[in-house]
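One chain, chain A, appears in both complexes that follow, with chain B as partner in the first and chain C in the second.
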Partner chain A sequence: MADTVFAGSTSKWGSWLDLSIASTIWVSVLILAGILLSLILFRGRQTERQTLWWHLLFLGIFPILLLAVDNFATLEYTKEVRFCGSCHKAMQSYVEDLHNPGSRSLAALHFRQRAAWGSECYACHANYGLHGTFAAKLTGLREVVTYVSGRYQLPIRMQHAFENVFCLKCHDGTTHFVAHTVHLTILDQLRAEALKCTFCHRPAHVLSAAQSTAGIGGAS
Partner chain B sequence: MKLSRRDLLKTLAGAGAAVLSSPDALLSVPGFAEAAETAEEWKKSPCRFCGVGCGVLVGLRQGKVVAVKGDPEAPVNRGLLCIKGYSLPKILYGPDRYKAPLLRQGNKFVEISWDQALDIMASKFKEAIQKHGPESVAMYFSGQTTVFEGYAVNKLMKAGIGSNNIESNARLCMASAVTGFYSTFGMDEPMGCYDDFELTDTFFVWGSNFAEMHPILYSRMVERKHQDPNVKIVSLQTYLNRSTDEPADIVAVFKPHTDLAIANAMAHVIVKEGLVNSAFIERHVTFKKGLTGIGYGVEENFEYGGASETNWKTYSPFADKAQTIGFEEYKKFLDTYTPEYAEKLSGVPADTIRQIARLLGEPKRKAVSCWTMGFNQHVRGTWINNLAYNLHLLTGKIAQPGNSPLSLTGQPSACGTTREVGVLSHALPGGMFVANPEHRKKAAHIWNVPVERIAPRPGYHTMEMFRALDRGDIKVIWINTTNPFQTLPHAGRYRRGARKGGERFIVVSDVYPSETARHADLILPSAMWVEKEGMFGNTERRTQHWFKMVDPPGQAQDDLWQIVELAKRLDLGHLFDYGKEPLQRALFEEYRQFGQGSGKDLAPYNVYAKVRGGLRWPVVEGRETRWRYREGFDPYVKKGEGVRFYGQPDGRAVIWARPYEPPAEQPDAQYPFWLTTGRVLEHWHTGTITRRVPELHRAVPFAPVWIDPEDAVALGIKDGDQVRVRSRRGEITTKAQLGGRNTVPKGVIFVPFFDENVLINLVTLDAYDPISKQPDYKKCAVRIEKV
Partner chain C sequence: MSVWKFVPALRTGDWRSKLMTCSQLMIGTAALLSLLSMLTRNPLLLVSFMSVQGLLLVGVICFVIVALISQRTLVTEEYGPGDIIFREGDPGRHVYIVKSGTVEVLVQQPDGTQRAIKQLGTGETFGEMALLRQAPRSATIRTVTAAQVFKISPDDFLALYTHLPRVKETFSQIMMDRLGELERR
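Showing the complex of A and B:
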């Protein structure tokens, strides 16, 4: 977990994400209150020198702060399972799998163990680093547009093969990974994507038969 | 692995982008199909692949195998599996499974019915036996044959047809281990077990890339090392491979065949530096020497001077005209083998040899030695097995928790079927021999046939069997669960011999098209793994059972059914008439009588059917045996005896004075390179099964030739160039590989044998160990050139 600090991880006051959402609201309220007060207290005198600090605070510093916490909140909130699951129907059965305490799917195991503090969808499906984050967000935006405009065809298919890098960014080099020495033997093939992690480690998601037939997917 | 994490991530990211553009990758996009792969029920079985004997749980849904997982309760693998193990569900469902019997018509095969097929097969057998006698027919089975099948076909041949021409491909992989065990201990199979891996603190890996070939066992060794930094691993190899990687502490790369000199030099150091356990030697060891200059078996009908095999007394088994010598004479024999002498032959520095010997000899340390084909596929395979035991006997580090020489097996039931059931031309079930009149009597009694029915003369061993087929001495042969026309050394000769026509008739039972099936006259479609009931026995004497779980495809049939149907048509059906009792159970209960009371006791059928992970024989009074020959562990060793090697009449193991002798063929000016062959993790033997699993095929799509980068520069060869490998016997062409998982030293090349498009056995030499009759795939002379 060295590369990414997930906002779902907790601080003294609760999860960083919850904190940032709360801050967004409170700072917004604060700014609005400041502007209102300015209208009342400094009526007609807003351009005068004595009120500069007040305005700098409520129209300058606080909005910048708001931008920061809001950005953080939005960026991080959209990494959360609850966000992914809130989208179109296709995700519903995957989220049900995550919440199924008896499921042995990789997704459910990661979710149960809080592998990414509530951002498990994102953690396994986006590339690492900044460009991975932006690529994922862009794809997400595109999907929103596709969904709203209704320009999609059923069944919905995966865009591309799941890449080993999504697994290895966390697991490579860990004690368990190295202890199963087969991993070292096939590292070249894993690197070249000639062998998929999911060949042995599967299934990634378990959908009940009813879910998979009634859902949006279909046998691919 | 000297790759930093960041490097790895970088390459991974790049490779990930590249793979998207390849259409091949798109096929592997996992979709919703996984929904259907949720198993409805799970049943136990051993893995179908190597001799480690991992336990798996087989996930079934609607009459199909849809998943496997490592059995967390299996003591061998404790829930882990390797990549071949995970491919198990897919090996059953390749698109070109044989689904009906096929008869050759000219250059084509036509579908026929089972009745037609079996009638034709039986009539060919009958005709040959009538015209030329029972020695004109032969059976060639496998270390992947189940215990039931092996026992049935052995009984059919030896108690029915009256011919000892029955062999198993385990001759090509385990024969030298067997003769090593017999000549040293008088009894086959290891005294220790895998438990030693957690109890020892020093490992010696000899000529075995077991990181790739026995991956789960290797990970147990590495795990041990991680837990205790005091643990030392010594890896002696002829080239660098995954088993010389970290965490090996001492890596010694020696010139092919010089292990004989190194092992003797280690004994030299142990004796000279007083690391000998004198008390142990005095009580439990004798010293012997045997014949020397025993030849290489490249001639037809080769018989070495060791034994007239019809005379039990001299044959007694693999006695090699043994002469007892004293410790003093043995010491004198060792005088030649100074570490400096071994250095000159092997290229391993004398100090390294001393260091390794001291590690083994150090009284406070425990020692486990592991080896596989490097020792066994060796023209002096029996000798080098003996020499490894010498080291453990000299130091008394044997048959004790944490102290064990452990000969690893390659195939899942080379021990359980071939060795224990005796599916070999000289053997009878339960470790007995056809040449021994007492053994014949016991077998005839259990089989309920007249003792004259069992022929006293051993039949053709594998190499001679296929030479006899080439010569025309064998007319009809049934090849089952194995692929000799890809795996026999000097395969070109035997492939041509098989199609010489005349009265020759070749029956092949298999699941997928293979090089051997291509040479067949009749192809029978078989059931595999959990499509039939079976039992396997692994390296550490562990017997495991599984039930039939799914139906084979089309008309494919259990090999046991094929054997019984053939017997019926040869008027030998009574051999397998057990009334209403289930055939498998009846066969096993009958087979069990052979080992009862002779140190090879097996539990009743019902116990194996139930117990997850199997049991290690001898199973006496319901308890398995982890360490043989040691009081308190082995029920055959009486109170107060301490250690008793009860396979030998005097209860003493033998330290053999076995000299260094040169290999059958060595590099020269014309053929300047050593060729050594072997396997890769992803593919099983000839790849007929694993190459049909798309993921494994994609992982290692072809067999390259590994060449030393310096040699490559000298020959103008670049990585990926097409290269011709040529010997006095044949040639192949494939791509050069200059690095990756193997790194060969100067003057050596390595080619895996799984690829039917790179038939490296056209190039190899059919020289064998005259004692074990096991051919040497690890060394012959070749030249290489850029195409």
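Showing the complex of A and C:
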């Protein structure tokens, strides 16, 4: 979970995500202003040596900086619950469940304990490391295209069964986990996906009766 | 209004100016998309920026190419009738040779108006005074007709000026004549 905790952690000026979003906005504005001023101030002599320092800043250094801060901001922002909830009609009901103080779902329980500080969806649905991040972003990209093109059907179903590895990546080996000796007894089966965590620990999400009858959401 | 009004280098400039303008357009587009995506947090805009961020890199590469070679080679620039090539008081140091067309030399009068003191045609030079005197431009140059000019970098010109005595002699004489003209204005 280290990568998700990083986005939610704070710097002197707020969270790293907020800082990177603000930096992206400022750098973008600076680049646009620099280009506009160059077109006005250096019209007809933009390739002269005296103007190269100006252009080095606005066409060299700032764009590279923008590439870094915007990618960081985008990658971190797309891990947020608010991003997941912004797209899918189906996801809205899951986000409402997260915020429901009376919900007994696993997702709401994790959310109330601030397990991943605003990026609970990502923390439970993406695997560890670079491969996990890459796979999650690729899936997300496909889903955005599907959503924008309208080529989806309700209720939305999970493409794959939820894997135990998403639970074990955080819980395996923790004091709380090993204190329940049954976990140790079935650990090999859990790791081999022969037994599902959600078989005992359920429901993962709770939808309201209205949402269920409307056929919204397929995973629970 | 034509897009050429905003980016005249795309129409009149040599390939270096065009490359520089392309660099600005690519980086500007990516920066605008980045700004909009961060302000709205719209998923489609976020994905769009991720898709076009290659423009930033290509834009930077275009700029680096221009920065590396623009000072080393002879540049041809094209201007329409009435275009200003440079203004009196500007800090430019390039030297120009008229390739085709006619340009006029304008000097500012005490009452603020500008008076044409001379016209220059094919083969004639301008811009050397600012470089040799290490001073701002002493006059405004405006095209009379559509014109093409060779633009010589300060380094290239100084290399010719210091190594070829006849070039030095010619330009020294031209500069003396022009200083005289300016004093008589």
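Throughout what follows, the second predicted complex is superposed on the first by the 198 of 220 C-alpha atoms of A that agree within 3 Å, B and C clash if a C-alpha of one lies under 4 Å from a C-alpha of the other, contacts with A are read in each partner's own complex, and residues count from 1 in each chain.
Keep this in mind: a residue touches a chain if its C-beta (ideal position, glycine included) is under 8 Å from a C-beta of that chain, and two chains touch if they have at least 3 such contacts.
Predicted model, so just to flag it, every value in this text is computed and none were measured.
Once the two complexes are overlaid on the shared chain, A:113 sits clear of chain B and of chain C alike. In the superposition on chain A, contact is made by A:172 with chain B only, not with chain C. Contact with chain B, but none with chain C, is seen for A:180 once the two complexes are overlaid on the shared chain.
In the superposition on chain A, A:203 contacts chain B only, with no contact to chain C. In the superposition on chain A, A:24 contacts chain C only, with no contact to chain B. Within the superposed three-chain model, A:149 lies out of touch with both chain B and chain C [touch as defined at top]. Only residues 1, 3, 5, 8-9, 11-13, 15-16, 18-20, 25-26, 28-38, 67, 80-83, 86-87, 211-212, 215, 218-219, 222-223, 226, 242, 245, 681-682, 695-696, 698-700, 740-741 of chain B touch chain A when the two sit together in their complex. By the touch rule above, chain A contacts chain C in their complex via residues 21, 24-25, 27-29, 31-32, 35, 38-39, 43-50, 52, 55-56, 58-60, 63-64, 66-67, 70-71, 73-74, 77-78, 82-83, 86-87, 141, 144-145, 147-148.
Within the complex, the chain C residues that touch chain A are 6-9, 12-13, 16-17, 20-21, 23-24, 27-28, 30-32, 34-35, 37-39, 41, 43-44, 46-47, 49-50, 53, 56-57, 59-60, 63-64, 66-67, 70-71, 75, 77, 79, 83-86, 91-94, 153-154. Chain A makes touch with chain B in their complex at residues 127-128, 155, 157-158, 160-165, 168-169, 172-173, 175, 179-182, 184-196, 198-200, 202-209, 211-212, 217-220.
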